[in-house]
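Below: a set of structures, written as structure tokens.
Heads up, the next two complexes both have chain A, just with different partners, chain B and then chain C.
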Partner chain A sequence: MSTTTPVLPGVTSEKLPGTAAGRVRKRLNTRAATVVSIIIAVLWTIPTFGLFVSSLRPEQDIKTTGWWTFFSSPAFTLENYNDVLFGRSASSGQLANYFVNSVVITIPSVLFPIAFAAMAAYALSWIKFRGRDWIYVGIFALQIVPLQMALVPLLSFFSRGVTLAGITLMPAWNLDDEQKFIQVWFAHTCFALPFAVFLLHNFVSQLPGELMEAARVDGASHAKIFRTIVLPLITPALASLTIFQFLWVWNDLLVALIFAGGGDETAPLTVRLAELAGTRGNEWQRLTSGAFVAIVIPLLVFLSLQRYFVRGLLTGSVKG
Partner chain B sequence: MAVFPRPRQALVIASVVGLAISAAACGGDDSGSGNGDSADCAAFDKYDGNDGKKVSIYASIRDTEADLLEQSWEQFTECTGIDIDYEGSGEFEAQLQVRVDGGNAPDIAFIPQPGLLATFAKAGKLKAAPADTKSSAEANYPADWLKYSTVDGKFYGAPLGSNVKSFVWYSPKQFQEKGYTVPKTWAELISLSDKIAGTKEKPWCAGIESGDATGWPATDWLEDLMLRTAGPEVYDQWVTHGIPFNDPKVATALNQAGEILKNPKYVNGGFGDVKSISTTSFQEAGLPILENKCSLHRQASFYANQWPEGTKVAEDGDVFAFYFPAIDPSKGEPVLAAGEFTVAFADRPEVQAVQNYLATPDYANSRAKLGNWVSGSRGADINNFANPIDKLSVQILQDQSKVLRFDGSDLMPSAVGAGTLWRAMVDWINGRDTATTLTTVQNSWK
Partner chain C sequence: MATVTYSKATRIYAGTERPAVDHLDLEIGDGEFLVLVGPSGCGKSTSLRMLAGLEDVDEGSIYIDSRDVTHLPPKARDIAMVFQNYALYPHMTVYENMAFALKLRKTPKSEIDRRVKEAAALLQLEEYLGRKPKALSGGQRQRVAMGRAIVREPQVFLMDEPLSNLDAKLRVQTRTQIATLQAKLGITTVYVTHDQVEAMTMGHRVAVLLDGVLQQVDTPRELYDKPGNVFVAGFIGSPAMNIKTVPLTEQGAVFAEMIVPLGREQVAAAQANGGDGKITVGFRPEDCDLVGATEGGLPVVVELVEDLGSDANVYGHAALDGGSERFVVRTDRRTMPNMGDTVFVKPRTDHYHAFHAATGQRL
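This part shows the complex of A and B:
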């Protein structure tokens, strides 16, 4: 089979002036719309900006006055960052350690569900087998189950195993220290799958059937079709899903608290951030700088992938 | 339309980086093992025989205080070879419930709410304390205090740390400059407040904002005044719902608190009017004392940690605290206090060894020497508490003439003590009258 990229009708996206998208685009290009969008952007950035200014102020200032007073009486210090990143004791910082934990938790927790979901989406769209639609409806319905409801049963699944009528179907996992990463990966993958399958299924099922038929006629197996035709075509969707899942896992506190625990072997940044303020919140001036350290990576990921992010969203909606 | 020019390469790079980082994270594991031979370890001989065993502890103590905690049992772990895996979390109360339900309970937990302790005990999750823990607790703590970790006649754990809530913070410097004296009775406290109010300054500052726990500092006011107006016996009935929440005695106490908290001449120094109390965070509430914008702030001993670095907390320093005076000292001086209890969800020998050790005065002294801690243990040597406010707190806790009671809102069912009561106090500060406030709480206590 040749590997030239097939030209798909409908995927080519010249914007015709007569289409709905074209009209919207025209209207959004006026000066008034630009001013409004700039105002909205500024308003939305103010809290983050305030947080940033606050993170550079001395402790006493943070605790007694608002960040806007920085402009009338500027006082600048990097003490908070120093405290958070290279603190003297185990308590006030060493975020670096937790940073690594966050990365170790996030990368597999993003790759696993997306890999599984892409394969499941292909199978549910293009492999014909009995009950396919019911399985899809079941997965779709699983999105309704709130994550919080599954926490205790899943934790019990790990720590007690599964027994049915006295017969042990699965022994307890007995994971310790660093092994607890497995629990977190498992949990995040489970919680992400229903939505990921749903999203990718919508995408994969919209691919033209002629493509698949042509490939089958050429003698390609499902694996081959999946790798050489489907994957390249759904890359924008994969990229936007990656960003969603990445941000969700990176910012997650609840799942990490329960499945990773708070020890420094496995706890991610969010868990550490929550403790940074001290037992009675007396060191909360550290939170501002801690928060900024924690958003560096998501910011980088978002900025470098936002092209795909927007394209993924658009293709998902317009392509139809 | 290939968006990733070389997707496979990107994948490989991502996974290699991930692996390298995780490998780095796994390195550097220390393997401390017991060396019970050195002379320093003689004191720990009775805990021997558990070398290499692991005990997990879960509590709400975190950050700097957690570091000190881990240091305090360092010698014990080195000598006995027991590996203590400590974990502190701000979501302790909720997480503990999840972990216990999920079959993943810690070996030991430090529970600061006797109400929560009783819940676990009644559900059969807790193990009764070993005999040694019980005997050393009985030797070192007042019987009143041990009742809080006794459920249906079974003793579950010894107290660990404590804090004294009946304190009023002030600035010794300011008092000296202006010629104020530390009040010894309620009448003196009020006349001092009037005197300060006469100088056009607000004498009191207060704040009850505390995230999703907003309102709790006001419950301490109510409890302190219940103890002072109605006495400890009525207080005990009140926290166990022996008298209704809207009993006239409770109303008297709350009105007495209102004499200060809802008096526009008295509050809220440095912040604004009475209503500003509900929006001022408890961490910041006392700070105007440093700027001479307010003179008195009622808060527990642990408020010592809230002062900015460089503030001298001592009787002759920038700030210090005096005992929140009794209304009628001849009837005894009540003290409102709180603290954690060491309870166990497992009864393996190494867990019991840790439990036994934490109950001893030896441990209390070891922790006290590191500073920033208060223990109610009578076996603790007062000279080990270097910090003046800790020393004063320990003196008060060890003083057998004082009547000691646990923070009432921690004893009530959490739906009330950590729920409706908090919200009711916020409404009360914001202008609701005493009778309606108390009736709301009464109606929520089923």
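This part shows the complex of A and C:
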């Protein structure tokens, strides 16, 4: 294991040879284990790699030979990408537009739930109020409700509002065209919150209580503690949650199709790709490049945030 | 600069019957270094946290100077606290850690800079100002925690076992540093520890707590020479005082063949209030001599000898009242007995402590 952090006196290394974790770690460090994991990684990547190679081949080649023949008789073109992104014909995809839709849907659908969940996690962990534990248990329990069960009620909530015994508690939202983005953001936020609160609560409540007390003695309010102490310390959790939520929303078809509709003002990439696969089955050379257009952003997000997965920020705050 | 007054301050945790802190009455003078000491669970930390505002006060009040702070939030009390685990903000540098409280008070930048640099110089932390806590050693982290309190220039310092995470040598060093620093700054300090050596060496006065009740508060010397009750007598001093409950006669306390003479009033007081013909007598290990077999000492069979270099502690058992009682004697190295020997222990009659057998109060 190579590490750049200095080993502090008094802080025991986690690599104790006697423990079960230590033994597992040792076994995973052998050469055989490395070889096996490389093989698995390669096998796993081959289909994606094949898709990538295909997306760069001319239409005729794709339809007649397998992608591996690319290496014996290379033929290279960006025609497919040009086609799916900017093509004007009805069958060509026009993905550029849907790509923008996907971005517009995804960014708020990631930021809203994570922001709310972080605040809720702080309040449920460190602000004392009556019924706190019950609220947490309630939120936790909401995770068992399948998303599909909530689709119809939520849709009726948007289109008809809420009425109880003839009294309108909440009018219909009556959203059209681009406004339907609001519905998708709302839906994604609802569906993501229970798990996000649960995950962040685990993290926030594990922070040392002395830190909060020190900040309170130093004169910080709850809002200040949340912003200057808690948020920086849970960055790894926020990052991993962001990745999960981002991938989930970006790849989501169901929620987007129902709440954003299939129109080209609001439909995201996934909806369009499904259409391409379904209705243009005989022109699937465009599907290869379309899939790659859809993959680019998640890859960037993952690569830019992954370092937070492995970084523990807490080392050195309190001894123990 | 301020005084601190606990007035019948009480803390009862939900779901428990016995208060964690029971009607604590304590006055701490301006510039005083007061140490709260006691075994774990005695309420010393709770008392401190009540003063900090981190713990509710269920009954009574707490004053800083003449200001009632009982229900004020921590930030309105103008106190600074050093925590047992230091509680440094891990994502901030040493400088930012020390400046945090001042920034929250919107102190001007130049002023913050001046104060942080001053405190850093005082604590020899100047070269570490740009580092994060995880790149510091335990002793350095402890000093940063101190620095964070100092820059505040608060009315009162609160310290909750700040040395318990240091190794023995560093602890002794830091102990004197803190005491010197406090004397230099002259800021009223309340210091919690479970270590009676820390309490005795650092405090101007020491308050001993047990089960949430204040047992005695006095200077270290008074506490050692005149413990107010059996608990304080046994708690202060190392090795602990020999405390035995023995039969009482008109002449004094009966230790097997030996009689420890007592004053007339003491005998009378011991018999009142259900004393039941018994008395509790204590003498410190250093307040007795090893004498010859014929000189009327108490025979003790030696089980363990601790050679401390300067002198030696002799541990053993003696037959007393049909039972076997443990005794500790501090002796000169030159007269050190061997294990298994029988020695004869004679307390110096002018250095004993007498307590009521039932109430445990000093007579």
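Going forward, the second predicted complex is superposed on the first by the 254 of 320 C-alpha atoms of A that agree within 3 Å, B and C clash if a C-alpha of one lies under 4 Å from a C-alpha of the other, contacts with A are read in each partner's own complex, and residues count from 1 in each chain.
By our rule, contacts are C-beta pairs under 8 Å (C-beta built on N, C-alpha and C of every residue); 3 or more make two chains touch, one makes a residue touch a chain.
Not measured: the values here are computed from a predicted model.
Trainee: Would you check which partner chain A:E210 touches, where first means chain B only, second means chain C only, and both and neither mean what they say?
Mentor: The answer is second: A:E210 touches chain C but not chain B.
Trainee: Identify the partner contact of A:E178: answer first if only chain B is touched, second if only chain C is, both if each is, neither if none is.
Mentor: first
Trainee: Looking at the overlay, does A:D218 come into contact with chain B only (first), chain C only (second), both, or neither?
Mentor: Only chain C; A:D218 stays clear of chain B.
Trainee: Between chain B and chain C, whom does A:S304 touch in the aligned arrangement: first, second, both, or neither?
Mentor: Neither partner.
Trainee: May I ask you to decide whether A:P232 touches chain B, chain C, both, or neither, giving the answer as first, second, both or neither?
Mentor: Both partners, chain B and chain C.
Trainee: More residues of chain A are touched by which chain, chain B or chain C?
Mentor: B
Trainee: Going by the contact rule set out at the top, does A:W284 touch chain B (first), chain C (second), both, or neither?
Mentor: So A:W284 only meets chain B here.
Trainee: In the overlaid three-chain picture, which partner chain does A:P108 touch, first (chain B) or second (chain C), both, or neither?
Mentor: In the superposed model, A:P108 contacts chain B only, not chain C.
Trainee: Take the contacts of chain A with chain B and those with chain C, and give the residues found in both.
Mentor: Chain A residues touching both partners: 5, 232-233.
Trainee: In their complex, what parts of chain A are in touch with chain C?
Mentor: 5-6, 8-10, 208, 210-211, 213-220, 224, 228-229, 232-233, 313-320
Trainee: So in the complex, which bits of chain A are touching chain B?
Mentor: Checking each residue of chain A against chain B gives 5, 11, 59-60, 63-64, 89-92, 97, 100-101, 103-104, 107-108, 111, 151-156, 158-160, 177-178, 181, 231-233, 235-236, 239, 257-258, 261-263, 265, 271, 274-284, 308, 311.
Trainee: If we count contacts the way the header does, which residues on chain C are in touch with chain A in the complex?
Mentor: 52-54, 73-75, 79-81, 83-91, 100-101, 104-105, 132-138, 141, 148, 152, 165, 167
Trainee: For chain B, which residues count as touching chain A in their complex?
Mentor: Its residues touching chain A are 1-4, 7, 11, 14-15, 17-18, 21-22, 24-26, 29, 60-67, 70, 85, 87-91, 95, 98-99, 101-104, 210-211, 281, 283-284, 287, 302, 305-306, 308-309.
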